[in-house]
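Multiple structures follow.
Two complexes are shown next, each including subunit A; its partner changes from subunit B in the first to subunit C in the second.
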Partner chain A sequence: MSAQSSAIVKPRKQIGFWRQVWRQRQLVILSLPVILVLLFNYVPLWGWLVAFFNYKPTTGFNVFANEFRGLEYFQALFQDEYFWRGLKNSLGMGVLKIIFSYVFSLMLAVMINEVRVSWFKRTVQTISYLPHFVSWVVAANLIFVTFSPDSGIVNEVLLALGIIDHPVSFMGMPQIFWLMVALADVWKSAGYNAIVYLAAMTSIDPSLYESADIDGAGRFSKIWNITLPSITPTIKILLVLSIGRLLSVGFEQVYLLKSASTTETASTLEVYIYDFYMKYGMWAQGSAMSIFNSLVSVVLIVGCNLLAKRLDGEGIM
Partner chain B sequence: MSAKKGLALLIALLMTVGLLAGCSTGDANAPAEGDGSAAANGDERTPATFSLLQMAAATSTVDPWIDTPVGQYLKEKTNVDLEIEYLVGSDVRQKASLLIAAGEYPDLLTTSDASGDLKAAGAFVPLNDYIENSTNIKNCYTASQIKLMTQEDGNIYWFGNHASENAVYPTAGYYLNMDLLKQADYPQVTTFEQWQQLIIDYVEKNPTYNGQSTIGVTEPTEAWRASAVQYGGSRFLAGYPNDGLTVIDQDTLEAKVIMTQDFQKEFCKMLNKMWNLGIADPEMFMQTDEQLQSKIGSGRVAGMYDQRSMISVGLDALEANDPSRMLVAFPVVFEGVETELYRGARTFQPGFGIGISVTCEDPDRAFQFLDDLASEECQTVLRWGVEGTDWSYGEDGGLTKTEEQWAQYNDVYYKQEQGIEQMGWFYFWPGLEAFPESGTIASPSNTPEYAQQAYEDYELEFLSHYDAQTFCDWFNPSYDATYEPGYSIRQRIDTSDPRKIAGETALTITLEYVPKLAQCAPEDFDAVWDEFVSKLDDLPLAEYEELVTQMAQESAPNYQN
Partner chain C sequence: MTAQPMQKQKMKTGLVSTKTANLIFDIVNTILLLMVCVITLYPFLNTVAISFNDSTDAVYGGIYLWPRVFSLRSYETILLQSSTIPHSAMISALRAVIGTALSIPLSMMLAYVMSRRDFVLRSAVTKMVLFTMYVSGGLIPTFLTYRAYGLMNNFLVYILPGCISAFNVLVMRSFIQGLPYELIESAKIDGASEYRILFGIVFPLSMPVIATIGLFVSVSQWNQWFDTMLYCSGEKDLITLQYELKRILDTANSMTGDSVTADAMASTASEGSGRVTTQTIRAAMTVISVVPIACVYPFLQKYFVKGLTLGAVKG
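This part shows the complex of A and B:
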């Protein structure tokens, strides 16, 4: 930005450079986020180089001091059965999380929107978005205690009601781990996500509802024909954005909720990448996998946007 | 970052002040002339501050530990202030990876399981030259031990320690609840079958305790603590000592990876049996180490395998809450196994230790500190406590404690407050049994007096039923090591070595399959086992075995004292 300004300034010597900067101070401030994005989102891409070298951490930033290995690590990755399992788990959990989080936060937003008593509305909203501010470390412990087969409250209640004969180890069953993660995510983020929809709903023209009332539309008919269509653009934008993050399932959530017994369905790509870096010190392999992760995300975003365009003629990009 | 800079500035400032004052900072390389064993007085040393990473959880209740009386004494003696960082969680290698990625290390660090990672990353300053010029450290190691500490590139990066023997409690074993033993009329437990049957009978008769279900068997399964089920518990059953994830033949020194051995299969079968009987801990494969410790502390656990030092938090809580249900270890073996080697060798462990990092601003001063730390004076304080308060000189010139002082020494909380035997590595490094100069027994817990003081009344009462003096009586005694222990070998193999990666990957796969093996229906057990073994077959484990065999054989000449 500053280079640009100086280029403009040069021919007209009478206005000093700093003076020019001061005049355009709002623009300069506006450029800060761009610099931050470049600094924190693009400069680190330098690290991708690690994936093509037999990288040793002792060489620090000088990646080229290591032996060049080309695509060797990518090839090894695609032959690794644990990589494919990680991909399956990431995709499965990601899709399930998106579906659950959409359905539940949308439902919650619609229901809150329909409530007319303002104190009740506020209370529900506060209670439902509070879990968002609880750290996953704490949340994971709460979840483990709640679902514990060893006198956890859920098991106690189910036993007392006679629904099950012996305690079920909810968090220890690989078969339902994806579901548990999705549900935990709903509990933690549905209330918070609903805020965005609620905000979108407040901008709906009230006269639409009034004319619907005159036409004799019922509550559900109004939700279906006015509320939901009006917030469709918001839903679409959020969907495309969240599909871009499909493979980043939420590392800390999965890492904290997984245990020895759920390894099979809980080892997502991110957990695997983390193991590569942290457990085995295999930097190149870990980088190769995170590059793959990013590429898949880009493909998904572009694909989803195309799909959105195809469906109703307008995408977001 | 800024703390680092601040430290650098501080040190620079202190150096300048030192020079102006005419202190002997000029040639820090040569250790100050001392009177042999004792550390020189603190005021002869330049004041310094070092950061230290303990690859272990904090044990002292006083934070920072340096504020305890023992810590203060040490600070005064060495003129070094320590900024101690402890390991959070239990994953040592993860912590090491973070340090390596950042390229910034604490000035002093203990290596624990991460020796290989840190060595490969070039985290340490070579110590060879320092040792020759040291006052105390050179007395702590024999020539062959120095050779053992020397890595392939000819450098010494960390100081290993001598594993001393605990004469009061065995280091590992198959534990049973005292209440169980009482109800079974104090049997001598020797076989694995018998151990299992005792638990089954007990849980059947006592399904609940304090309103909660009795836990027949539980084991640690979190991160590296899972070693108990991955390989730790089974080797002893077959009569092998602790050699990491391998067993080493005591005659030929041939190493075999445990995970696929028949005795490991038997161990998993036990878990499967207990699981299907419904008396295994339902949370066993999803609990954190803290949860396990609190379960042990609650007195609900009837039996388990582990190393004592790993469950000491739980056992301390149990002793305080409910001593009648204390856990007692037995040297359980398979039918037909003649000797057990639970207590293992008294050995020198070169595979891990304490070193000075490459990012330490003043390695010379740091070494001087380590050298002071190894002095008899400092070691005495670390292990015995402060003179006068915790011990005094006896008539023969040796160290003695009064009855009250022994009672305090037996009180975990007192020791934590006072700072005695806290700081993991610190107090037991270099871990000599007796000080080279005076011959004083280094650790109070190894003195004959301690054996008489060590036990609480409930323990003595329990032992009387077995006609025994100590809880080690039914274990075979330790012996002199003839080769470098397998766990020490494993720790120092380079991380990037594909053979080491094979071993570690095998552990990851094992941790996934042990829960499956334990939780499957008994009739499916063999099929799951075969699937597990076929997964491990894809890894170059035979090469890992060869490497360990070779390293063990190479170390053997240095263990012939």
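This part shows the complex of A and C:
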């Protein structure tokens, strides 16, 4: 029966499509801002073609006026040792940042959630959001001053405690640059990232805690057995989302925190694109690298989404 | 509510140790959270203190939460003697105001059509907006495209590209979907046009989400520096406050330490009586660029917390 009715409805729908568009023309007009999306998000994808040509900027949009080089620039990319160094730095920093950001924002959310005094809770939250709203320029500035070997507070405290015997230039050490970036990220966004976890925690059924109280459960066991399991779906979704952005988050941060002495471990793929290809006008090579970045991101997102689906039968996209 | 007296009774009768354990937990938790607050706030407060300190004295270090030799010279230098900094602050403010004023209605328009289940092009529009969250052209293709548009050294490059953000539109859509649909339905029966429904009914009801997105957009506009460096570094009149701050940061970092008087602005100031070092200038500029944000976001806290969770749950 349903097959019959759909067979009748279908042709009518086909005729009706443009008529329906006309009838909803006001909504079509309200959709016009997609033109901006087209111009500024989709047209740049056209620029991917640049990676296959010996591109000269004077040709503008007419990429085909240049000499076709095929996959030459991609081959060159994979033979470039700086590319592999950049990839290593991007992945290393990306993974470290995800781990740190997860552990610390989750811990902060749990700690805030355990506070009973509401004005204290609100104050801590308000303060913890502040770094998120300042620019990375300001944040980098504050971080340089704080870790400065020249009367920075971290060095002064460590010296006073006798942990170190002479000032250390934390931001100038290539061996710990990844760690510093991850810590800077925690300082700037842990409070803000905790919002989502806290919101998930408020929807936990309070009767769970009440019955745990009756059973004489301690605070840690309530956190471990009630709070954390209840927000697992949220944790999983955010993890999948952040893995998808593994290679593409944090250009500003790394670019501003790096210095001449940390180039070796600070040059991520994106920093490399800007600092090298862009400055020397090597458009094709830089575009090839951008394409690689975007493709890896898409693969990661789709892969993680499939994984999430397999894990709990529900994707996030 | 009913569990409360029961719980108290239980504690009184036997489990004193649970009570002490609870107390210890609360104390440790409070101390840890206070430490979080100190770590978060100290760099800001220290910068405020340095900015109000005399700059030749600041070179010796050891300023923590309070200026040692109070002076307003750094602020005077920035606000009265510098020709570039007030102008760059104005550009930043302008882009925040114009960017937000344009982004909000245009994003609301898209969010509204995406929330209308009966709209024939709904899924096409939604997919087009969503896709941009996952794939972008990348730095160089985007740069070449915008340059071909003639956006180099053009104020519009600050406004147009970031105008529609997929994330913001999704948050707005989730909010509009939560409004009672009967409102729209009955307005339609009364013969209201779609424009009327959107700007006369949906808009006033969406103030919480508009406040949230307005905060996001204006803060990110105010904080931008990279697009200035990329597209407008050749045009002195279009330089933003953050980019100016970045340049001063660069000159300071390329020198050996903080005690440098090398910056052009500092040297013009040093022609007068007291010398002004980049250290205090930088601190004062940081304060100027943070104060507007610090004054606004606490009041919008309840909105953006709600807006963010809406977007995260349904987006």
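Basically, the second predicted complex is superposed on the first by the 258 of 317 C-alpha atoms of A that agree within 3 Å, B and C clash if a C-alpha of one lies under 4 Å from a C-alpha of the other, contacts with A are read in each partner's own complex, and residues count from 1 in each chain.
Keep this in mind: a residue touches a chain if its C-beta (ideal position, glycine included) is under 8 Å from a C-beta of that chain, and two chains touch if they have at least 3 such contacts.
All values reported here derive from a predicted model rather than from experimental measurement.
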Review point. Of the two partner chains, subunit B (first) and subunit C (second), which one does A:76 touch, if any: first, second, both, or neither?
Key: neither
Check your understanding: Which of the two partners, first being subunit B and second being subunit C, lies in contact with A:158: first, second, both, or neither?
Key -> neither
Review point. Just subunit B (first), just subunit C (second), both, or neither: which does A:57 touch?
Key: both
Study note, to complete from the structure: Partner touching more residues of subunit A, subunit B vs subunit C, is chain C
Review point. When the two structures are overlaid on chain A, which partner does A:166 contact: first (subunit B), second (subunit C), both, or neither?
Key: first
Review point. Can A:150 be said to touch subunit B (first), subunit C (second), both, or neither?
Key: both
Exercise for review: Answer with first, second, both or neither: which of subunit B and subunit C does A:116 touch in the superposed model?
Suggested key: second
Exercise for review: Check the residue A:187 against both partner chains and state whether it touches subunit B (first), subunit C (second), both, or neither.
Suggested key: second
Practice item. Could you tell me if A:96 is touching subunit B, subunit C, both of them or neither one (first, second, both, neither)? Key: neither
Review point. Between subunit B (first) and subunit C (second), which does A:259 come into contact with in this model arrangement: first, second, both, or neither?
Key: both
Point to revise | subunit B and subunit C footprints on subunit A, overlapping residues | key: 57, 60, 144, 148-151, 259-260, 277-278
Exercise for review: Over in the complex, which subunit A residues touch subunit B? Could you list them?
Suggested key: 56-58, 60, 144, 148-151, 166-167, 169, 171-172, 259-264, 275, 277-282
Point to revise | Interfacial residue positions of subunit B with respect to subunit A in the complex | key: 91, 93-94, 97-98, 100-101, 103, 117, 120-122, 212-213, 221-222, 226, 278, 281-283, 285-287, 495-496, 501, 504-505, 508, 511-512, 514-516, 519
Point to revise | Residues of subunit A defined as touching subunit C within the complex | key: 17, 20-21, 24, 26-28, 30-34, 36-48, 50, 55, 57, 60-61, 108, 111-112, 114-116, 120, 123-131, 133-138, 140-146, 148-151, 153, 187, 191, 195-196, 199, 207, 210, 213-214, 216, 218-220, 234, 237-238, 244, 248, 251-252, 256, 259-260, 270, 273-274, 277-278, 283, 286-287, 289-291, 293-294, 297-298, 301
Point to revise | Residues on subunit C engaged by subunit A in the complex (per definition of touch) | key: 3, 6-7, 10, 15, 18, 21-22, 25-26, 29-30, 32-33, 36-37, 39-44, 46-47, 50, 61-62, 64, 106-107, 109-110, 112-113, 116, 118-121, 125, 128-129, 132, 134-149, 160-161, 163-164, 193-195, 198, 219, 222-226, 242-243, 245-246, 249, 253-254, 257-259, 282, 286, 289-290, 293-294, 297-298, 301, 305, 308-309, 312-313
